[in-house]
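Below, chain A partners chain B and then partners chain C, in two separate complexes.
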Partner chain A sequence: MSLGLFFALLGAALAGATSGVGSAMGVGIAGQAAAGVCTDNPDMFSKVLILQLLPGTQGIYGLLIAFICLSQIGIMGGGADTAMSLSTGLLYFAACLPVIIVEPISAINQGRTSVASIAMVGKREETFGKSMIFPAMVETYAILALLISILAIFGVSAL
Partner chain B sequence: MAENYIYAVARVRTRELSLLNENVMAQLSAAASEQDCLRILNEKGWGGSGVSTEEMFAAENRKTWAFIREILPKEGQMKVFDVFRLANDYHNLKAAVKEACIDGTHPGIYGEDGTVPASLIARALADSDYEHLPGHMQTVAQEAKELLLKTQDGQLCDITIDRAALTAIREAGIASKEKLLEEYGELTCATGDIKIAVRAQRTGKNKAFLDRALAPSRTIDIRELGDAAVMGFDAILACLSRSIYSDAVEELKKSLASFERWCDNRMIRQIRPEIHNPFGIGPLAAYILARDVEIKTVRIILAGKRNGLPDEMLRERVRETYV
Partner chain C sequence: MSVVPMKRISVIALRKDRKAVLEYLQVLGAVQISFKRKEDDLFQKVDMSSRKQVFEKNAHDAEEALAILKRNVPEKKPLGAMFTGRTTLSLDEFQDVYGRREQIMHTVRKVIRLDKKQADTVSSIPKLEDQKKSLEPWMNFDLPLDLRETEKTAVFTGTLQGQYTRETLYTQIRQTAKDVEAFDCDIISSDAVQTCIFLVCEKKDREIIREALRRMNFAAPPNSGMNPSERMKQIDAEIQAAEDKLKGYQKEFEQLAAARNDIRFASDYFTARADKYGVISELLQTRRVFCLEGYVPENIADALKGKLEEKFDIAVSIKDPGKKEKVPVLLKNNAFAAPLEGVTESYSLPGKGEIDPTMVAACFYYILFGIMLSDAAYGLLLFLGTTLILLLYGKKMEPGQKKTYRMFQFCGISTTFWGFMFGSFFGDAPAVIGRTFMGNPDAGLNPFWFEPLSEPMRMLSFCFLLALIHMFVGLGVKGYIYLRDGKKMDFLYDCVFWYVLLISCIVWLLTVPSMAGMLELSTLPGWLAYPAQALALVSAIGIILTGGRESKNWFKRILKGLYALYGISGWLSDVLSYSRLLALGLATGVIATVFNSMGSMGGNTPFGIVMFIVIFTIGNVLNLAINALGAYVHTNRLTYVEFFGKFYDGGGKKFQPFTQNTKYYKVKEDF
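Now for the complex of A and B:
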């Protein structure tokens, strides 16, 4: 087993792990606010549930990058390159870095923004549409990081 | 830390919808009679048939504290709100001192929602066994009882307890390490001192009385305030104009009631930013204060209607609302 493959695998594992942790935290804090609003106004359930789920997407992006990386290095589907060079392994690791770093930070901050939006909807139900925009803006950077990681992984594979 | 209160703040946000806003206060002020006011309040969930106004206010107070207890994740977190409840403890201490010095029991003189049960304070004073009282209350409880027994001077006893109460509230605010609560403690203490100084000046009290009555404060020099109170009302105004409470001078010139309204309005303005804060203990503290000012305003309006106070005069006394 080469050190290169280890780093490539580490990149994929961290992409899945850090994004998952970030999303769990984001959805968790938004869930507390959602429960608070629903305690006094159960009719708000569907609206606050959507806002609670927004920080969950980063976990999916991390999973996606982990899948792509694992399939590219052959860990998934068989045919893993056990003799992968250290530099190639590090390139895969570097390709995963945008997701490893950006997704958890954006998930937690999106969770905090969702908390504020849930409070907004709890007070004025008619602001639901607008309240979605604020946490959605945070999503932009999670998507940008995802795109960079996807492009980088396929780029490394094509080398 | 702030994440500990997310659920609680969300609950508060929903409850804020049921706070009485400016329109409701204006409606109450414009109502033809106390009965009309009570009808409006009933629609808002206050009181009910056969409930006296005092019972209604007590019930509203209970509702606030029951709600806060319900939304706080841990029982120990109530401690941070001692700053609001200490006034009730010291009210109960005054009642217990007087009950202990006069034979017999007097039900109904104790208030609710202190940090310690009123029965504990009453028993401590009756048995002269102060060690079960909170630390900040032990010395003053003993001192106040001995003073009343020795001098039979109820006012002296009251100012001793009031000074201890203001000090305890200020220190509880500092101990909470929450900016809003610290500001509340400081404002309560400083404005309490100003009120004491004005009343003492009006009744011609001497410097020794003021030295005993004024509680130390960060934002007002009590030595200067005490001297000013002995010199006269204009000296108090001059003293205030040199402090951060200079905008209270005009209100104090009008009346003490006007000054009290200024104090409440200042607090409401101080807490208003919390309405947009989704995290931390600030919105909870702001809700408690908002409810307190709301109950106070309704009490003023009802008393005004009962006593036939002109609408204009009543409007002057109505406090600003949080929502």
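Now for the complex of A and C:
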């Protein structure tokens, strides 16, 4: 078996792994802040829960890329190309890089922003609409990275 | 699509009617109190804050009583309680409970007193238990523990630290009390921590024995005039009594809990009354009349005037607000857009001279949400769920909550539509079920349009197209406001130039084959490039010259103009931002697909079918929850940042009428 498939799989696995780690950290720190607000005011539960969940999407984007990559290289759905050339494998790996690098950093920072937003909602409930936007801004770059990875994977598989 | 126009109302009425007028206005909830007139020699404010405090205290007590009752007699909430709002009372019902308000407050105080008693009793039990514990080592002792002497002898009863045997004890005492002829010492009980002893000696040796024991850290026993086993029985009886008392309190609480609704009413009533006294403090009053000013929505202004004049001896005047006044904002929209008023309000209400953006925003909001969730089954679930809730509880709901459900109902319809367009029904569930359980490899839901996962670039182009339409409409609204205000040149500079620049740039880009190819669009004929370039250049120069037109200094003005032109990069990033439609749409489908294929791994066996049902249900519920949340947040973001950013600043203050600001009940009085 050539190393090509290994690198393609490595890309998919890392995409799922780093994003998951980042989201876990982001949702984690936001959850601590959310629990703090809830001790004072249990009625805020649904609002702070939404803010806590915002950094969770990066994990989903990682999953998305992992899944697309796995199905393109045939590890999922059958027909894996065990003779994949090293260069093709590295191309898949490179295509996964934006997600591998950007998602965890974006998730952690979005988590921090969520913490601030949760504090904001805790003090002034009526600012909920605005408080949601600050973390959502951070997510833009996670989405752009996801976009590049999707396009690159489909591009590589069309080669 | 509108902000309700406001009128200024000013009312002058007799002071004897003050209570009635204010209560009537409070029930109607149509006037926001706001004074322009200042205090003068004639009209003065009267401070009512001390009376207000009395009512606030009552309301607070009632809330405390409710909390106590909730703690002791938990209430079973009827199914759907979270959907129902405040209960509506008719005026008659109101009068009935109102008449009993003193009695209710009596109950409230009873509850609070009972709570104190309960707390005392509860805390007395551990004390008794402690006593019991300290008495246990003495259970073999059958004399009162406070026995100090008999006729001839002195008696020491107490504890020594550490463990002693008879021998060690005697040796230790002998060390100090060498000369004592006779004493007798019994060990009642002994463990590693302490030894309980009983010592008898002659009265003349009392001091020396005391000294001997002091050196051994002798401590007095638990104080009791009875012998330990009797005392033990007594304590048990006391604990029993305390527990019986608690049971009694619990029964009393249960009886008092019947008055819960009355107490809720009292809480509301006194809150409303405190609010009213807050308003009275604001009123300008003379000895015989008082004056009240405020805002009232135009559409009910005349009806209100008629009603007030019919009921009271009163002078009501309705005027247009002054040009510079910051009039409070009330939104009114048709059934299609009204559910989104909350979204607008979360951002900011329209400021002076702005239009209500809810209607235009609504047109796109539902579409964007639908594309992000884009699964027909999820859409149907969302639609059916919200419809069911609205049918069952719609009438009892508070208006704000109802709007939210209505919004998700519409979003559900849109999601269903886009789900069918893109061929997603619980992800690829039809195909998986067909393949695994029906033995039909060709099964599957064919998209009406195309499948984004297999043609992502096509989907991306569609997202960008939608982005341009969305933001061009936003820019158009800005133009509309300019034209409405007669600012024709501003319309040319800030809208027309941008339209021309952006459209000509797009045309230009699409004449480049590689660009058009990447977006999977057909290339425009090459000759179009030249007029497009020329138009782009002209409009860019226009923007450079006019973008900083508020500066008089030409140098500054050009610099600001260049900066304004740099805004085109903002347009680029805004367009790219809509790629989240693709990303979130794909995420929904892919995660559902993952769960479906996980579920189908058991194959077409009885076990496999059960496994599929379990994984399918859990996975899809989870996926729906997470992605509905994502769609909601990101639709808001696109609306707030990309769309509102083009034309809308907000900054208006919400219309907050003087009303029954209550938690549980509202009294109904219609126009």
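Definition applied: the second predicted complex is superposed on the first by the 159 of 159 C-alpha atoms of A that agree within 3 Å, B and C clash if a C-alpha of one lies under 4 Å from a C-alpha of the other, contacts with A are read in each partner's own complex, and residues count from 1 in each chain.
The definition used in the following text is that a contact is a pair of C-beta atoms (placed from the backbone, for glycine too) under 8 Å apart; a residue touches a chain by one contact, two chains touch by 3 or more.
Small disclaimer: the values here were computed from a predicted structure and weren't measured.
After alignment on the shared chain A, the placement of chain B and chain C results in a side-by-side fit free of clashes.
When the two complexes are overlaid on their common chain A, residue A:Phe128 makes contact with chain C while staying clear of chain B.
By the touch criterion stated above, A:Val156 is placed in contact with neither chain B nor chain C.
When both complexes are overlaid on chain A, the residue A:Ile100 reaches neither chain B nor chain C.
In the superposed three-chain model, the partner touching more residues of chain A is C, compared with the other of chain B and chain C.
In the superposition on chain A, contact of A:Ala34 is made with chain B only, not with chain C.
When the shared chain is aligned, chain C comes close enough to touch A:Ile60, but chain B does not. By the document's definition of touching, neither partner reaches A:Ala12: not chain B, not chain C.
Chain B and chain C, viewed from the C-alpha centre of chain A in the overlaid structures, lie at an angle of 50 degrees when rounded to the nearest 10. Figure legend note: chain B and chain C, brought together by superposition on chain A, show a least Cα distance of 8 Å. Comparing the two interfaces of chain A, the one with chain B and the one with chain C have no residue in common. Those residues of chain B lying in contact with chain A across their complex are 3, 6-11, 13-17, 71, 278-279.
Across the complex, chain A meets chain B through its residues 29, 32-37, 39-41, 112, 115-116, 118-119, 122-123.
Against chain C, the residues of chain A that register as touching in their complex are 50, 53-54, 56-57, 60-61, 63-64, 67-68, 76, 128-130, 132-133, 136-137, 139-140, 143-144, 146-147, 150-151, 154. Within the complex, the chain C residues that touch chain A are 343, 345-347, 453, 456-457, 460, 576-577, 579-580, 582-583, 586-587, 590-591, 593-594, 597, 626, 629-630, 633-634, 636-637, 640-641.
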